[in-house]
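Have a look at the structure below, then the notes.
Lettered A, B, C and D in written order, each chain numbered from 1.
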């Protein structure tokens, strides 16, 4: 067993524990979804108003799956979100303020104006900052899990999100295979939203279901209706439990639809209207709301109050971020190296 | 009629598809959608079966293009952003670039790289990668700076029997316009005097040509005649034209948008220093982006890459020497 | 349908047609195997004598699978062999002379001394010259098959060889998925020889059998005993027929053992002795010989005569190659570009 | 006791594993087998669980190393040959190299690249890739030329908080020997005067240092005092030491084994030309490999890369100017 000199893996904010009563988990999940949706909508409106530099990428329609992934995790776990993971990020411990700071380029945000939109993260706190190259984060999660094992830390789970399009990358394949060989507690969540940008699944893969891939890697496979919060919470919880119990990587494949463009510049005119009216086209937030009402875990007034509260939270975050300083090129430390003595002045 | 740099790229592809049945296009979202930047707009409809959506598999995309080239086709690959070509890198530099040398069978593929910085795009959608491709033997690396060159050089890229890395600058996509498409062009491998002058040579390529031209205009009001050389392709690099210009002006400033270590500016300055030392009346100068990833925020981005302002400052300094 | 200006795909030497009587196919296959084995042994002895620059990589123990792959192909088909494919290359149309020329660096060989050992090929004749990067040849085969389809050429099959270790590469994954999406007539032959250099399969994959991967790509899977020539011939023929009939990619997984080092510099001390004595450790050449004898398709005298004939062929090839000129750096055309006008003199 | 360059690399890893529990090694065949070149011989046995065989998955190998580094480890990755790092390229240049800049969390990984030409190895087992890595911000690129540096710089590479590309030359593996391991070393980023002289500066790195030293010895008999600067690391590049040497000699010849376009020689010559123009008594010169893949046949290989012979010819020419 290896003892690392500095132990770094302390989660910065606890999420709802996996042991919570299911009703509480559901309502908590719903509230994160609501916050994510409202935050996304705010970014979209800022984008339309020309207030955001660069693109805006939303998780509309994917909040249930995303939040379920994060809520299956515990303090100390690791999460590598992707572009549609507004809800999961928040539930994992990211803040609306840091989201707003990153989109608005605040010098006080975690990326300090260096990186934008969905590329934020705090690696030391288990929240990995995605690079854009699809598939590239999964092996990084593997490395953290491997290191934990070497350090004798037990019970960590690492989750990584990916779209169905990214299953075509070599990086996805190498990483899932690596996790399988090492029997790592990786939960790899594939959101099959039927499109990769404009590309339909028929141009992306030829297997019946992406879950058919699991056997080829020797990992467990799970499928879930990504529009159904209840199903997502249960499936992800189960997958995380299995991983935590030492049963190796878990491949979770969810079916759903992105209810927005690839980015806010895209009207998504290519989406098959039939899909929109089919069950995968349901809005998971509405489905979750109806479920809560039906279960009587919340009434309409409560939900309205939550909405108001979250709207307020979003407004506050954005207002605060907008008041913050933007980065100053003259103050900027123009180096990519951490070792001061190795910096060159060359331009 | 008025055409943007981006539209010229679309038109060149339309013409290549029309004129040559061997031409095909392969890349993510290039089909019915017309590409992330709309560079292949309507082409899938006009040329059924020849403009194909690819999976997110850059390695296999380039590999398949190479195979098709072996079979006599003329594939154009669109990378969604130049930055993503790093995952197709191996096929480009080790398979495409070595094929002719190893087997005498040419590999006429064109890899289109939408590249270069735009405000708000950040470290993974802004990279300038001409340097890493130009370093490898067996590749032609084109960096058109004008609407006309975007059009005619892309047609040349498709016609050339060697693999071509076609670096098309995203900043120029919408910023540049021309009245009509060219009917003839300077051959590949030849640089162009974008503006004649006698006091100082600024060597640039792609988007930086326009910054350099703005500097020339500005410094004219200060009484200086700046010559601007547009390299057009960075490999082959037209040393003759550069040298002839430096022979006229005695002063060289080379500007590139990529990172400072070992890029085009190093190569140009090294060639002039080794082969044209006596032509220089003052030490040559170079200006590159800073040695960090490309920052997202406009404040930082504007300071990261060379601009008319920083180029003008360098030029003034050099003119005083 | 696209008409390409220059049609290039003419195979340079016909192989035994798929329709031959099986006994003829078997004896023909055996003779290629014998030639390959003797040629390999010759290279090994030249290596030991210090007559070869660089490494020597043998196909010992893998001849049955390799030859079966090539013999399932027809004139006009495409083959991308790998390092263990001495037998398949020869059966496909490569010559002992070109093999010797490449190993010995003759200026008259297909690689003209520029590339060596197993890296030879003639792409225009359907024999692809491998680059070393594992997995990289498969998508090139795909591209040829795609182009054939675009040109309206029907009935082509493309075969690519790969070791079990190379299934861990991203290139393998992207290419097999690409072939599946395009439903290409690709036969992808995985030689699971239980080691990738020194690395055992337990450090390479975690699925039960590599054939389990087929479903995850939506392609047909076949398994075969790689030490059994009869089984290899039948399985590969079947797979190629299926591909040719438009049933998409065929993944063939063979079990066998490499009966030599990774290269001739390697004593393969890491190979589990139990594997050597197990059925996968059988020498396919001996198995094939016994099969021929038992079927009475050849008698011992005939086989001895073949051996003599092939030995002679090998000696002749090597002697001829050794007499040929080596490349002359002063005559060498130091450019990697085919376009004369784009060459730079820069050094 | 006498140690080869290769053994020094093995010893440095043994010591790193011994001294620092955070160090792990990951790569193909590095475990019980001890690596393709035996650079990790016996280490898996001596440090159970910390020297791990990897699948043939260069992308995931580097990715996992980055993850382990985030978690506080100090991973050493062995690429079986530098040439294969092109399939792990993206993780190196876009994930490892950007991590600190983006997040302030350092990425202390060491990627060992057995690189450079040896006779008979051919285009895919001979490449010199320092240029493509040095071009990217965020990486340190080491190129040790001696047994002592192979040892001490590898230890430094592991200790440094930034990702290090450790280019270890396969030709030097067995050709170089030293009596003992060093107990101290010049800091990273500092070049070394490998031989003092006053007539001409040859700047080189890695295997080319020894060709340059042979030339210095040879030209001594002709009455010339050649100074040889060993860069040690090409990024950071110690311009100061180079400049000081050129100030002494007035003449610069820069030699590299990689391809001619935009490599170390371009960067060194460009820096000297721009910052030390007045120091030069004659035009600077550069010598690189030829602009083709590395040929397999010894006849061709010997003509492809610079050798003492071609360097001596260049040096004589320069001394006459």
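Some notes on this structure:
Definition applied: contacts are C-beta pairs under 8 Å (C-beta built on N, C-alpha and C of every residue); 3 or more make two chains touch, one makes a residue touch a chain.
This structure is a prediction, so every number in the text was calculated from the model and none was measured.
For chain pairs B-C and C-D, the one joined by more C-beta pairs in contact is B-C. Comparing mean CA positions across the assembly, the chain most remote from subunit C is A.
The distance from the centre of subunit B to the centre of subunit C, each centre being the mean of the chain's C-alpha atoms, comes to 40 Å.
Subunit D has its Cα centroid 36 Å from the Cα centroid of subunit C. For the pair subunit B and subunit D, the distance between mean C-alpha positions equals 30 Å. Inter-chain centre distance (subunit A to subunit C, centres taken as mean C-alpha positions): 44 Å.
Of all residues in subunit D, those that touch two or more other chains are 54-55, 57, 59, 83, 86-87, 90, 94, 97-98, 101-102, 123-124, 137-138, 235, 237, 261, 290-293. Of all residues in subunit C, those that touch two or more other chains are 111, 114-115, 119, 131, 133, 168-171, 174, 177, 181, 203-205, 335-336, 344, 346.
If you draw each protein chain as a dot and join the dots that touch, every dot ends up joined to every other dot. Subunit B contributes residues 28-29, 31-33, 36, 53-57, 59, 81, 83-84, 86-87, 119-125, 260-261, 287-293, 295-300, 302-304 to its touches with subunit A in the complex.
Contacts from subunit C toward subunit B in the complex involve residues 1-9, 110-111, 114-115, 119, 121-124, 128-129, 131, 133, 136-148, 150-151, 170-171, 174-175, 177-178, 181, 335-339, 341-344, 346. On the side of subunit B, the complex with subunit C involves touching residues 20-22, 24, 49-50, 54-55, 57-73, 75, 87, 90-91, 94-95, 97-106, 137-138, 140, 160-162, 187-189, 235-237, 239, 271.
Within the complex formed with subunit D, the subunit B residues making contact are 59, 83, 86-87, 89-90, 93-94, 97-98, 101-102, 123-124, 131-132, 134-138, 235, 237, 258-259, 261-267, 269-270, 272-275, 277-278, 280, 282-286, 290-293. Taken together, the subunit C residues at the contact with subunit D in this complex read 52-55, 105, 111, 113-117, 119, 131-135, 165-166, 168-171, 196-199, 203-205, 270, 326-330, 332, 334-336, 344, 346-347.
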